[in-house]
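Below is one structure, written out as structure tokens, with a few remarks after it.
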Amino acid sequence: MFLVVKNVLTAAEVDQIRQIAKSLRFVEGRASNPHNLAKDNLQVDTSQPDAVRAANIAAAAISRNEQITNFVFPKRIAAPLLARYEPGMKYGAHADAPFIPLPSGPLRSDVSGTIWIADPSTYEGGELTIHLGSERISIKGEPGAMVVYPSTTLHEVTPVTSGQRLVLITFIESAIPDQAERELLYSLNEVHALEGLKMGWENRTRLQFVIASLHRKWAR
Amino acid sequence: MFLVVKNVLTAAEVDQIRQIAKSLRFVEGRASNPHNLAKDNLQVDTSQPDAVRAANIAAAAISRNEQITNFVFPKRIAAPLLARYEPGMKYGAHADAPFIPLPSGPLRSDVSGTIWIADPSTYEGGELTIHLGSERISIKGEPGAMVVYPSTTLHEVTPVTSGQRLVLITFIESAIPDQAERELLYSLNEVHALEGLKMGWENRTRLQFVIASLHRKWAR
Amino acid sequence: MFLVVKNVLTAAEVDQIRQIAKSLRFVEGRASNPHNLAKDNLQVDTSQPDAVRAANIAAAAISRNEQITNFVFPKRIAAPLLARYEPGMKYGAHADAPFIPLPSGPLRSDVSGTIWIADPSTYEGGELTIHLGSERISIKGEPGAMVVYPSTTLHEVTPVTSGQRLVLITFIESAIPDQAERELLYSLNEVHALEGLKMGWENRTRLQFVIASLHRKWAR
Amino acid sequence: MFLVVKNVLTAAEVDQIRQIAKSLRFVEGRASNPHNLAKDNLQVDTSQPDAVRAANIAAAAISRNEQITNFVFPKRIAAPLLARYEPGMKYGAHADAPFIPLPSGPLRSDVSGTIWIADPSTYEGGELTIHLGSERISIKGEPGAMVVYPSTTLHEVTPVTSGQRLVLITFIESAIPDQAERELLYSLNEVHALEGLKMGWENRTRLQFVIASLHRKWAR
Amino acid sequence: MFLVVKNVLTAAEVDQIRQIAKSLRFVEGRASNPHNLAKDNLQVDTSQPDAVRAANIAAAAISRNEQITNFVFPKRIAAPLLARYEPGMKYGAHADAPFIPLPSGPLRSDVSGTIWIADPSTYEGGELTIHLGSERISIKGEPGAMVVYPSTTLHEVTPVTSGQRLVLITFIESAIPDQAERELLYSLNEVHALEGLKMGWENRTRLQFVIASLHRKWAR
Amino acid sequence: MFLVVKNVLTAAEVDQIRQIAKSLRFVEGRASNPHNLAKDNLQVDTSQPDAVRAANIAAAAISRNEQITNFVFPKRIAAPLLARYEPGMKYGAHADAPFIPLPSGPLRSDVSGTIWIADPSTYEGGELTIHLGSERISIKGEPGAMVVYPSTTLHEVTPVTSGQRLVLITFIESAIPDQAERELLYSLNEVHALEGLKMGWENRTRLQFVIASLHRKWAR
């Protein structure tokens, strides 16, 4: 399951991050995955205080977003990282590493996320393309929009052919790590939120009983 | 979870089975569980054609009952067996065997069932008592009523102190063998049956999606 | 599975909590579950130091009780909370929330517990009633007694018709979250504790091997 | 995961089925799902011998196709059914029923399949659209092509606006019912088929050991 | 877990099978696994009636053996197959295929078995060697003895350096497919068989309750 | 699965630990398992600073060893403990306790480990013998070597008949607690490490996708 949410960052926050990004030093993305031959992009050098500032703005925006929170059941969110693709750059099809080393202990990457900063009209190519067997989903979002998708999928960023693709990427550990179970629990929560108060009391209670039981059963 | 359903057998069927039972030969119940020292009752000798006839009447009644069908998700039902408890007889606390040998292959006993034939006013004692840790549920049903309960519980028939307890017992293999999962699926089906048509189309579809997915996932 | 244990609190501790409760401020129970229309009771305002003192007395009593510890495999215990039901008050059937927010992180409510403080002879109604399909278990304990039961059940407190029901309630996260698995492991531990030393050495070792393997397998 | 395979039916078989379809009687699709308000199409009346003949041609074609067999791990395949959408017809978003009643017993629908018979240039609309959260995959195949996709997805056929959409649909019970596990096993089998003979003997054996173990573990 | 059982075949049956084997035609073992480069032995041509006769003798012997039955929980047993290793022959390390095609449907190979026919003093080499990481278990049994071991292990037959190794091999589908779960259930059954009658009635019932519940839970 | 790794401790570290051990006080091993009648050995009194020093040397050696790390997926390692067996001492067959109390919280013992300090030529008996049904694996390693094996096995130390057996023992909590799953993931990682770069890019990516997905799925 995929969810694209608009305006996770406000226009002001997008501007702020663009300004910060201009003055930041970027390094080869492969630095953090030296053996990943598919990766050809630039990532911010996270030792710079302003990189941390940009990450904090984005992390706060994700945490306050109810649509994402309801969909992802986030437990921990890795600091969003600025990534830049110049013309010719790309990130070939890959599955994300299962665990991201963090100071607070390894974070299981259940859900991957991209927040778009650059305006899609300013660069060509650079689509986030998710492989689903023989089919593909390609997404190129508006500034401030965010997509979340299962880290278990094969996905790629197609080559940028002109302009510059600037995004923030992150990884989220979910309280409900299995993607299919997370989708079921999300769906029941939606039914409860939208129909619960119209139901008879006994059926609303039944639905709450099922939701609570599945939540306990599937949480890890 | 327990379900007591009244009038699974009609009054006429109860009478019919009472008449049949009068002419049938009963043997020691321990014959079918020689090592079970807790068992002290009488069971019908199933080699008699009329025993089969009584079983068929009861099996048909169970199969046509929607409440039981919705609650149990039956896959196979063992031929109901007439059992009789004379004064002093009982069946001490026990868990039912996990598999019942049948000509068509072993039946996994997920759900146990009792149909009462004798009128509760005609005998004392003989309650079906289910142990749940330090607590107990005791049930003594009307003629034609049926109780279904998880075969995994410890349960007993308390001593009959006067009169005669006549019942049919059976074991059901469920399409959803896990008791907790069966209860969740049953509850969602109830919500769908009672609230589905009042919901918006999108939410009804969501609920159906969850029900179908859980049914597939948990069926064995 | 349910377990009622007497004298979890000593008579002196019961008295102490009664005295404390007299001087404490209670607020509407719905404050902590604003959307729960079924809830109509009073809960202690936990910002009062004496509320914490009462909670600590009860928490220590639970932790030292071997019967409860063996039965529940507790990992974390939420601070017990004083609740009071005046005439007319009740808590309709509900399932407990799957996670309780605590300063140390969300606690998964696997097992719910009630400790009775008021004497059952001083109030009418106010029974803890657990729904198991069409059947019910109703419990009204002695002062100092505690019942633990799966948080996954639907349960209610029936209306108090006279007097005052004073109890402490708590939620426990178990090392063995699945209720059926917890019951199996508890049962094997009982067999080992009561029969282990009478067994031949090889069979005792076998039983320990099974217990250790199931404990590892099911712990979360 | 989705797989579109071209030429599952040969051109001759497509022609043959088109000819057969012309003389067959179609009935309202809702006949087989009376409560499904989303369904508005026509289905062949399967009591006609020629409907069986068309189904057999398609079933044989599916069974002989290695790509589909490797991808789906089929255990049982429901008789493919001719469906026709006239202008204005559609099948709104729905999840397929978890079990399809068949004479040989209920078939668990793990994978759904569509074989296109009509040429896509002869009708407008009528796309098979699969919902994946906020994103969509839309497929409209060449005559003789087949798509297989998880029956657990929400999917729809968009309204036909001109021409006639003629397809065969089917449901497959997989030996590996869980979609994520099926994808993993399929991927390892691909690695083995394409790289196995180039590996050192010990590593090929290791890979075979893993494949055999996962196949046993996940098969149902 | 491994189990070597002596005298599964009586001395007379061993003789009978030796006599039958003398007149039977053997073919290259690779015939049944053409892609298995590790396999270099001879297998009986099963189209010969006497090959079936030998298989039946061995199958009956396995089925009547209580030690094996208790240990393996057999559901289906593949016809035992005569295999012969001449000097220089061997079967390199491999994992057995997960499913064996049989006329009655694919048999899941949970447990593999070897019955020794040749006397170990008449041939050198030809040990059944099971790999467990860096360690090995090597077994060379007496005529009529049988070893059963998990089909999931890597195992090999070391080269025969003189004489002739004659064995029967078979594959068993277990009612408890997971090897670790099967071992736990076997162990509890042993405790019950050897200690049950010495236990207090309540504890014996508890143990039976656990055994029945695990058997249901783990059976497939 | 078992893994014996040589030179986990360097010769210098072995010497260092021997020197330390000479001056340390040992107590009866049963002190830490008072109810374990099978245990008859000596363990270092861990309140001595030099016992901590020896433990630290061994813990660092284990952590830096890639073979062990790849095989065990260690999450937490209990402080290695010096144990000594004088002539006549032994540790009868037992399964290790599922959880080891540590100051940082209970450690689940998934993998047990022994590091040999004494030279095997200086003592007789004292083999680590692991029971696998009717078969046994016996291991007696060189100084500095370490064996890791599943804590779920029954294992024993056979009686020392002369000399002195000096070892360090430890328990490891694995990120992949299930022994069979850990073995599968380890095997795939080996295939990837040894064959990955020779594969086509697409197949290497597929293999990485499977490894990442299984790692996430099985980690606890």
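For reference, chains read A, B, C, D, E and F in written order, and residue numbers begin at 1 within each chain.
Here is the rule we go by: a contact is a pair of C-beta atoms (placed from the backbone, for glycine too) under 8 Å apart; a residue touches a chain by one contact, two chains touch by 3 or more.
Predicted model only: the values in this text are computed from it and were never measured.
Asks: Between A-C and D-F, which chain pair is linked by the larger number of C-beta contacts?
Replies: Most contacts of the two pairs: D-F.
Asks: So how far apart, in whole Å, are chain A and chain D when each is placed at the average of its C-alpha atoms?
Replies: About 32 Å separates the centre of chain A from that of chain D.
Asks: What whole-number Å value describes the gap between the mean CA coordinates of chain C and chain E?
Replies: 51
Asks: When the centre of a chain is set as the mean of its C-alpha atoms, what distance in Å lies between chain A and chain F?
Replies: 40
Asks: Any chance you could list the residues of chain E touching two or more other chains?
Replies: In chain E, the residues touching two or more other chains are 152, 178, 180, 209, 213, 220.
Asks: Quick check of your reading of the touch definition: is the inter-chain graph here a line, ring, star, complete or other?
Replies: Its topology fits none of the listed shapes; call it other.
Asks: Mind listing the chain C positions that touch chain E in their complex?
Replies: Spelled out, the residues of chain C in touch with chain E are 180, 184, 187-188, 190-191, 194-195, 198-200, 203, 206-207, 209-210, 213-214.
Asks: Of all residues in chain A, which touch chain C in the complex?
Replies: Its residues touching chain C are 201-202, 205, 208-209, 211-213, 215-217, 219-220.
Asks: What part of chain C is in contact with chain B in the complex they form?
Replies: 1-5, 71, 132-135, 137, 139, 152, 178-180, 183
Asks: Which of the residues in chain E come into contact with chain D in the complex?
Replies: The touching residues are 37-38, 92-99, 108-110, 151-152, 154, 177-178, 220.
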